[in-house]
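Which chain is which? They are A, B, C and D, in the order written, and residues in each are numbered from 1.
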Amino acid sequence: MPARPVAKALPKRRGLFEGFKGNIAAISLGVKYLIDPKRFTLIYPNEYIKLDPGYRGFIVLEKKKCINCSSCARICPAAAMKMIKLPEPDPRHPGKTKIKLWPVINYQRCIFCGYCVDVCPTEALYHVPYHDIVYENLAEMDWDLETFTKPPDYPTASEGMPVKYIVDEERGLVKVKAQEGEQ
Amino acid sequence: MSLVEVLASIVFYPPIYQLVIVGLIVTLGVVIIILWFERKATARVQRRLGPYHVAPKLAGMPQLLADLLRYAFQEIIIPRTVDRGVFITAPIIATVLSILPIAVVPFTSIPDYWPIPMDYSVLVALAISTVSPIFLVLAGWASNNKFSIIGGVREAFIITAYELIAILSILSVSAATLSFNFIDIVNAQMNTAWFIILNPIAFMAAFLAVLMSTSGFPFEIPESENEVVAGPFTEYSGILYGLNMGAAYMKRFAFSIILAVAFLGGWSPLTPGEGILYGYLLPSIVVIIKAFILMMVFSFLRSVYGRYRLDQALQGAWRLVFPMALIGFGIGIIEAYLGLT
Amino acid sequence: MSVSVIGGPKRESDLKIPGTEVRKIEKDLYEVFIGPQHPGSGHMRIIIRVDGDVIVEADPDMGYVHRTMEKLGEIRQYIKNIPLFERMAIQDACNVTVPYVLALEKILDIEPPQRAKYLRSLLCEINRIAAHLYGFGIFGVFIGHSTMYMWAFADREVMVELAEKLTGARLTHSYPIPGGARRDMPQDFPQAARKAARYMRRRLEEYRKIFLDNPVMKARMEGVGYIPKKLAAELGVVGPVARASGIKYDARYNDPYDAYDEVDFEIPVFEEGDALARAWVKVEEIKQSLRIIEQAVDWLESHTSEAPIHDKFWAKSPPLWKKVFEKEGRVKLLPMMATMKIPPGKAFARGETARGEIVYYVESTGDSIPYRVRIVSPSARNAIVFKYVVPGHRVMDLPTIYGSIDYFPPEADR
Amino acid sequence: MVEGLRFMKLSEEMVRVVIEKVKKELGDLVKSVEEGKGYISIKVPLNRLREAAVKLKNMGFDHVKSLTVTDYKKKGVFEVMYMASSYLDEELSRIIVSLTVEIDRNNPRMPSLSDIWTSVEFQEREVYEFFGIHFEGHPDLRPLLLVPDIADLKPLTKDFIVKEEPIFKS
């Protein structure tokens, strides 16, 4: 059944008594939350969210699978992924080198849209399920090929406790401890 | 006389005790604790943690000390366009005047420990309490900033609205006891019942008036940041800004003490006895605790209400709260006539 | 007499441009610049002239977060525009990009499969709720109610969590692509969505108690920023602002796209036209969005999983594509997507975002980049309210009107 | 509830009816009426634009959704499209008409329609700053989003060239 417009009207409540009732309702609701706040704050450095495997975090290259097609660089909307030319010994002509293209990524620009991962014809790119990594300077965020081929360090994991949020009917979200080793 | 006794007699010399110990040190402590409470209670209602990372085991309490230190050592920037003299002195005078009423409220019924003669103490306390807002208006005007001036004008509007209500509703207690003497008022409450029960309407009016005078929610209009940045305090920085902000809380504490004595029975469950401990210290602690509870209620309202519009606040004050104060005054007179008190 | 420069620098050469000349204002008026560095203005400036406490003239000065979306849209490939355009309103990422994708699909003359339609609508409604809650939060703090702000943002977290489950990103999903959507629904999603819907319904009742029926807040909102039906149509306001004024217009109803012609929901319309009605429209819309989410989830659960993308981009795809989809539910893109050429044509598409209707005009000359992309976002159309509705109100009503029309500068400036 | 039953998807029938109506109303004003993807394009000569706008408004197209300008550099014209639709008439609200004129690219002047459709006022300011089109009779013609220095460059015309970076990195 399709949509339909329905005329609604504001609840009409007027008068001194209704005002009084409104005040009481508001204050008692406040007191209710003062007693049981139902909060789900993440105490961040001490706890961190263990993200689902489908999360679009940092992108890493599996060099073995890469076929140097530059699809990822072509689709990157932020011009973060670029191809570099590296000389490499040519297997067919020993003693000679040939130029090969490899993707590198600049995390100053990356917007984590995941287009490159989705477009890669051999699944050579993959997301790691974390994204909170701090760099001391901007130059470090411009990765070279070697950095790009292994997952970045994740210091938060060594300092904090992994937690997960699950949707709950009563409290909105509930923070639970994530099982170790669970992916 | 031993050293302790000499010290005690100096510390508990009423003007020093009430003005310095209670007026400055206890007020500062109360303000810090109430600010912490306000932030923590609001955070709970709003499903947050509030101050936390400065000493998580103390629930972030030292955060307020850190804030205080920050204000104290921050650079005070005085813009070139302001009226320097008034700009600097206005917040200081406002702060001093806002704690002055504490010095005239009795904390005990024993005449030795009265800071002033108590015959007209209600009037004196009310008179002093009405002076400080003028300096907020002055601070706004001296800042020479559009937002400051708008904030100052709003403050001026609010003064006209709440002052009469505050005075009338507190005087309803005087009407009931036929006396301007705080001691008589407290004694009357100890004989019958607290005035919050005998005359709840006057208490309600006084409560709202205090809320308005100290820009508590829902009457946080002069400083409302979404229209006028910080109202009269827009140009202030450093400790002068801290004074301005603190002055409102100090004033609220002074008013709370007046309300505690006038409506909540003063040192009521306790009958002051002989000696400094039973005659002065304990009764004063009872009064301070009552005032503190009152302040907690004031603070809690922040998490439930937004702010009224200026004209709505004024309308509410004149149309609703002012008649309430008048009715409260009438109830006071009737109670006196019937001899209830 | 005070003199002020409006709209630009004082250099002699610039004064030739109309609108940048020095203007004099009347002596009795007091000119206040609200913003852009003001706690209650957002990334914009409103120049108001007040007479006493009453605003007599208001001039919205936008553009502080202008990001040249239309120009950037003309220089990059079609698919690259999706992550760009969703940055107009990141709480509303899917709603903002779906009409662009619709326009592309119109030119390509393809229709996405049913499953993709439902998935898109599902994310659109999650985003709509999140954006409405965001608006509620800002509205609350604008009129001094900090609890509303914190509550709305906390509950928005639930919706963001759902969106993350579905797409893998909290805000910038880049979810719709021409011909379909990028991921299928994960296994545990329906249960979480139903729980979230039940939770949200209960929370709306609490919002009513502490905010909408709170006498203080009600007094602030009632009768403020009244826009009569005729004026609303004349100003061309959109979304909740229009529907609070009695205009029965919602792009989902008047020009249904995606799954909106199959799910059952209501378009709440109020006649009052004031800030309170605009707040209530949002509440009612959240309720309807929850209904759509439940229906969409039911539909998706009862139908077998298939790749939510048009055959044009899927039929000829290598086996790895199907393997990845079966394993992770992820729709891989063909490398030709990056430089996809779209046949020449012009298309106009509209969609309903949380703040109102967004329209796209896309023109293609057969190249891999668009010739012209025109975007008119809802906030850009609502900005006119500042000029025509604010005068006559008190200074303290300005944040109320600002918050109630849910004006979002990054979206308006594009 | 009953109201909702009137719902129907936009059909070709409805579009054709509106096209006929527009042709009848506007009469000899129009150069051509054709159906585009998602809108109906009505081309009118520049000197009769206001007349056509008034007639469209009287027909029930009460607001403008988008003022779209496209720069055809090769043809030397700006194509200005007022994409109007209706709020108060439910039938017409499903349809978008675009009142299209072509103006000279080198002398971009045209009458303002902001007194007919108030909703176009801000968008005309926007077009003025991005394309440099002067709307004669606009009550408040000044840049909306840009600062005057940038607006002087007319950034959305095809003269203003922005280049994407190459995908190779040296």
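Structure notes:
Definition applied: a contact is a pair of C-beta atoms (placed from the backbone, for glycine too) under 8 Å apart; a residue touches a chain by one contact, two chains touch by 3 or more.
Computed from a predicted structure; not experimentally measured.
Note on interfaces B-C and C-D: more C-beta pairs are in contact across C-D.
Here the spacing of chain B and chain D, counted between their Cα centres, is 62 Å.
Centre-to-centre separation between chain B and chain C, using Cα means, comes to 46 Å. In this assembly, the C-alpha centroid of chain C lies 22 Å from the C-alpha centroid of chain D. Centroids of chain A and chain C (each the mean of its C-alpha atoms) stand 22 Å apart. In chain B, the residues that touch at least two other chains are 45-48, 303-305.
In chain D, 4, 7, 164 are the positions where the chain touches two or more neighbouring chains simultaneously. Counting partner chains per residue, chain A shows two or more touched chains at residues 1-6, 26, 29-30, 39-40, 74, 76.
Viewed as a contact network, the protein chains fit none of the simple shapes, being neither a path, a ring, a star nor fully connected. Interface note: chains touch in the pairs A-B, A-C, A-D, B-C, C-D. On chain C, the positions that touch chain B within their shared complex are 30, 32, 34, 38-40, 53, 140-151, 154, 210, 214, 216-217, 219-220, 394-399. Within the complex, the chain A residues that touch chain B are 26-27, 29-30, 33-34, 37-41, 43. Of all residues in chain B, those touching chain A in their complex are 41, 43-49, 52, 300-301, 303-305. Note for the complex: chain B touches chain C at residues 42, 45-48, 146-147, 150, 217-218, 220-221, 224-229, 302-312. Across the interface of their complex, chain A is touched by residues 1, 3-5, 7, 164-165, 167-170 of chain D.
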